[in-house]
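Look for subunit A in each of the two complexes below; its partner is subunit B in the first and subunit C in the second.
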Partner chain A sequence: MMLLSVENLSISFRTDEGPVTPVQGVSFDLAAGRTLGLVGESGSGKSVTTKALMRLLPGSAKLAPDTRIRYRDKAGQIVEVEKLKPDARALRALRGGEIGIIFQEPMASFSPVYTIGNQMMEAIRLHKGLRGRAARELAIEMLAKVGLSNPAARVDQYAFELSGGMRQRAVIAMALSASPRLLIADEPTTALDVTIQAQVLELMRGLQSDLGMSMIFITHDLGVIAQIAQEVAVMYLGTIVERGPVRDVLKDPQHPYTRGLLKAIPSLDRLTRRLHPVPGDIPSPSARPTGCPFHTRCTEARPGLCDRMSPAQTSFGTGRMVRCHLAEPALARSA
Partner chain B sequence: METLIEVRNLEVGFPVTRRKFLRTSTQILRAVDGVSFDIRRGETVGLVGESGSGKTTVGRAILRAIDPTGGEVIYHTAAGNVDLAHADAETLQKLRPNLQMVFPEGRVNLHSLSGEALRSFRPRMSLVFQDPYSSLNPRMTVRDIIAEPLIAGGLMRDRKAMDARMRDIAARCKLNLEHLRRFPHAFSGGQRQRICIARALVSRPDFVVCDESVSALDVSIQAEIVNLLKDLQEEMGVAFLFIAHDLSVVAQISDRVAVMYVGQFVEYAPTRKLFFTPRHPYTHALLSAVPVADPDIPYNPVRLDGEIPNPMDAPEGCRFHTRCPHAREACRVEAPAWREIASEHFVACHFAEEFDFSRPENPS
Partner chain C sequence: MAVFLIRRLLGMALTLLLVSLMVFLIMELPPGDYAERYAFRKFSGTGVAVTPADIQAIRIELGLDAPMMVRYANWISGIVLRGDFGQAYSFLTSVNNVIGDKVWLTLGLLVATLLLTYLIAIPVGLYAAVRRGSGADYGLTIISYLGLALPNFLLALLLLYFANRWFGASIGGLFSDQYRDAPWSLAKFWDLVKHLWIPALVLGWSAIAYQLQTVRATMSDEIGKLSVMAARARGLPETRLMVKYPARLAVNPVVSTIGFDVNRIFSELPIVAAVLGLTELGDLLLKSFLDLDMNVAGAILLLLTVVIVVMNFVSDLLLAWLDPRIRLEG
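Here is the complex of A and B:
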């Protein structure tokens, strides 16, 4: 059994202009100890998807009736996440204790008026039941584990006293202090300098193999994905258009959007005269195109097919999936 | 190509007052400490470095948006050379339209500037004041935003001519001319960045500072904006100082690239030389830290121990010696000279000749 299995996740929001559906029919599984990379442009629904896993969506959000989110908790019980009541004890245990989350901006994750240790100990008290000295010692141990120098002193400092890289390490330490089995990292290195990013990536890779934790790593940087994830899901306008093992997807992309993204990345190994953007802008979720969501920007789109019919999911190879009319026949032949 | 701007020993210091009990002490924070380089007409110079290295301050000091505390900025014009660092207000006012700036989209933060810096910035940023998180005034139409430099610089009085110039630049920046009466909020991030570029170029400047202009954008839009800047440069012959922390974007857009560390340049070379045969250990470390979107290329970032030093108490000798994996005794004692190690390849490292940090260039 998988650690997490998501089926048909669709999220809609009530707005003044009527309902908007930023996430539609997202399905994926995550095994224990694996890292799934979630890539896509801003507005593709990456963050909303992961927030739904922790039920952190605002009140105006509504899950579709056939959405299934199954999570296997520490006791081996299957939690039906979408059915939990907002005030359920199980939901409280899930947030932080089972699934941890770290955000892009570390400063926003810490309260400026409490010390780092104070905030870490709160999480430890809640999820581990430790108090006083024991909780403090665990907090110091976690800070040491993420490579902060002099953790016994850092524990009594405030977030603003640390540099950006140290702060992001402290956020990771706080998330890990409740020993979650799944860590959601929402663009954790985007705001950092490349040297600090390298340190944080190395740290997260190390911690993951030590703790046997699963991760969902959200980023728009395919370079980061190549270094940290085993599997990747490419999102476009709220749907996963391609999914599979990282090497296969990056080396042999099947969806025109994945190919476009890879082409658009400026390379450090080759100087080019021109870059190759994916033409056009991502449409607004309130004006979702009919048929394939990508057909408005796709250079290979076939009129009459792509703009009318929504492509089905085609599975092929080892654990790969693509949603494209054009990929289907070719893959059917190769199979 | 002819030199456009010559920067000689540029220094920018901010007084920082610390209060401890009843005593107050004022120290000078040297954000930029002795930077020399030149920019040619119509070329793009990339400027990279970690946050806090002083990249932005260099850009602003050249434009005199911040007053330098030392050194010279020689601006070569057809009518002779002008030292911008010492020019009076009247001369600056006249030259302003020729020197422009594109701010990072949605990230101009007046809160991060203080005292002296803010006061000198205010006259240039009155546009931004309504909403400090965006560089476009939400109450002005796009048309008025783009035309603003023409009015502020007193370049044009005739409304018709102004309108024609505004429409011309908007078209070059591939903005939809029918949308010029709209307000900035109606535009996407990429479109807003085009508006900022149009505003910077409407006065046909010689020189534009692009400060993290594409950093907040998605890869695809980023690629569009980089191509647009290249096209505009070719058409209009404008020179760019392109400040960014993303090395791979800088590699694609720049003719030459400078690397900055704690207020000083450590290396300055033509793009191909800097990226494929770097000479400074810091440049090498930066390049090795960029993850590549190919799982088969090994990722072995050079470990830089410790934190970036505070410019307030920068290390003695070479400023990088506290984190440099190759540091030796001489590095602790003596600051390395800024020297030309090969044609057009400048570096500040005692042992630059000994290092071979060359990387393979992928020809395909």
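Here is the complex of A and C:
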């Protein structure tokens, strides 16, 4: 049984210009102990998707009626996340205790008026039932686990007293302090410089195998995905356009967008070759193109087909999926 | 923290020194002095011819002939060393006797006004921000803009009129007739409290409207912060979340402007006092200026400015206590 199973996740926002749907028909499963990489440009709906899993979206957001989010909690019960009331006890137990989240900006994730320890112990008290000294000990232990030097002193410091890398480690410690079984990491390395990035990735990989957690790792960098995830889902304009085991997808990408992202990665082996960025910008979800959402930027788009008809999901190989008119016939032949 | 405290204390001492100099200069500014006014009062209509020599004699008697700096030194050292504000010329007694009770009444009015302001502005502002965009929010916003637009002496007149008409209550003054000259007692204190809320409301009126908007704006900002979403993602119940994170920071701009509010209240005090028939310092300040009774005017000005400076210091301390960024970096 899967830890998390998402079916037909569609999210729309009420705005002054009418409803906008940044996420449409997203489905994926995540098994215990595995890492799913969620890749895409800014505005592709990655963050909104993961926030929906914890029901962290603002009041103006609405889930479509056929959305199903199923989570198996520590007691083995299936939680129907999309049906939880905003003030439900079960939702509060899910947040932090079952699913932890790390945001992109470590500085802004901490309140400037409380110490790091104060904010960590809050989660520990809520979910682990520990009080006072015991809660403090656990917070210190978590800070040590993420590799902060002198954790007994750090616990009483404020986020603005730490350096960028230390802050990101502290954020990870905070998200893990109530031992969630699923960790959502929303571009956790984007704000860090490259050497620290590698350290943090290494740390997260180690923690994941130590604690046996599952992870959803959001990034716009396919290179990072190769290092940390087993499965990858490529998102474009609120839909998953390609999904499968990381090795297979990177070796043999089927969607033109995935190929475009791969070509846009700089590499030391190809210094003489020019980079090929994906041309154009991602359209706004309020002006979604008809047909395939990617056809406005696709170099291989077929007029009359791609701009008219929305491509269906094609499943193939071992757990792979693609949504592209061009990939369908080729895959049909090989099958 | 110790460095912070010492620095603010030194700053306050320096400000107080400059303020006392300025107050003294203001006392010197009006043309003429009390010697002339005294001679005029004593001899006008008696047919006695007053010569400049007579006035000079009065001046020497009152100690008004010394150079300015000497008089300043005497004045300020009397206040600092002996708590003696000098002679109240037109009352034939000491300033301390004249203003004694009124200082406490004024401070009581100030504290009541501040308490009323913050007790209304902070919770209502927080509520409006949490319910942002709702009918309650728009209603409160309209009322508070009305508060900013309506001058408070007009509000005082309206309150006087309607209170009298509807309740037949006399709301002028700070005491009912039977307590006015009675010695202090619990009953007299309760009578004061019953009278105090109207001047406090009138004086706090614009501050309430202003601070309500400040709290609402800061709170709206703070609610959207990532740290608030992070706390929500830890599973914190919503009410505790709102109180612990955004509300705590939304109070900061209010705390840091306590000094401004005190300033505003003192500036509006004389007019409101005149309308509501209060016998506190504002009224006395106007009279003493008209009489050129500079020791009384100076004492009142000095007391009011000292209160403002001290309240600013208190607001600095409160802010440092509330916000570790100031405590650790300031």
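We take it that the second predicted complex is superposed on the first by the 334 of 335 C-alpha atoms of A that agree within 3 Å, B and C clash if a C-alpha of one lies under 4 Å from a C-alpha of the other, contacts with A are read in each partner's own complex, and residues count from 1 in each chain.
What we mean here is this: a residue touches a chain if its C-beta (ideal position, glycine included) is under 8 Å from a C-beta of that chain, and two chains touch if they have at least 3 such contacts.
Just so we're clear, the structure is a prediction, and the values are computed from it rather than from any experiment.
Q: Is A:Glu300 touching the first partner subunit B, the second partner subunit C, both, or neither of them?
A: A:Glu300: touches no partner chain.
Q: I'd like to know which partner A:Glu105 touches here: subunit B for first, subunit C for second, both or neither.
A: It touches subunit C, and subunit B stays clear.
Q: After the superposition on A, what does A:Ile225 contact: first (subunit B), second (subunit C), both or neither?
A: A:Ile225 sits against subunit B, while subunit C stays out of touch.
Q: A:Leu94 in the overlay: touching subunit B, subunit C, both, or neither? Say first, second, both or neither.
A: In the superposition, A:Leu94 touches subunit C alone.
Q: Given the touch rule stated above, what does A:Asp66 touch, subunit B (first), subunit C (second), both, or neither?
A: neither
Q: According to the stated criteria, A:Glu80 is in contact with first (subunit B), second (subunit C), both, or neither; which is it?
A: In the superposed model, A:Glu80 contacts neither subunit B nor subunit C.
Q: By residue count, is subunit A touched more by subunit B or by subunit C?
A: B
Q: Name the residues of subunit A shared by its contacts with subunit B and its contacts with subunit C.
A: Comparing the two interfaces on subunit A, one with subunit B and one with subunit C, no residues are shared.
Q: For subunit C, which residues are in contact with subunit A within the complex?
A: On the subunit C side, the touching residues are 225-238, 244-245, 248-249, 322-325, 328-329.
Q: Of all residues in subunit A, which touch subunit C in the complex?
A: 54, 56, 86-87, 92-97, 100-101, 103, 105, 108-114, 119, 122-123, 126-127, 158, 160-161, 174, 178
Q: Touching subunit B in the complex: which residues of subunit A?
A: 41-42, 163-166, 193-199, 201-202, 220-227, 246-247, 250-251, 260-262, 264-278, 281
Q: Touching subunit A in the complex: which residues of subunit B?
A: Against subunit A, the touching part of subunit B is residues 50-51, 188-190, 218-224, 226-227, 230, 245-249, 251-252, 271-272, 275, 285-296, 299, 301, 303-304, 307-308, 359-364.
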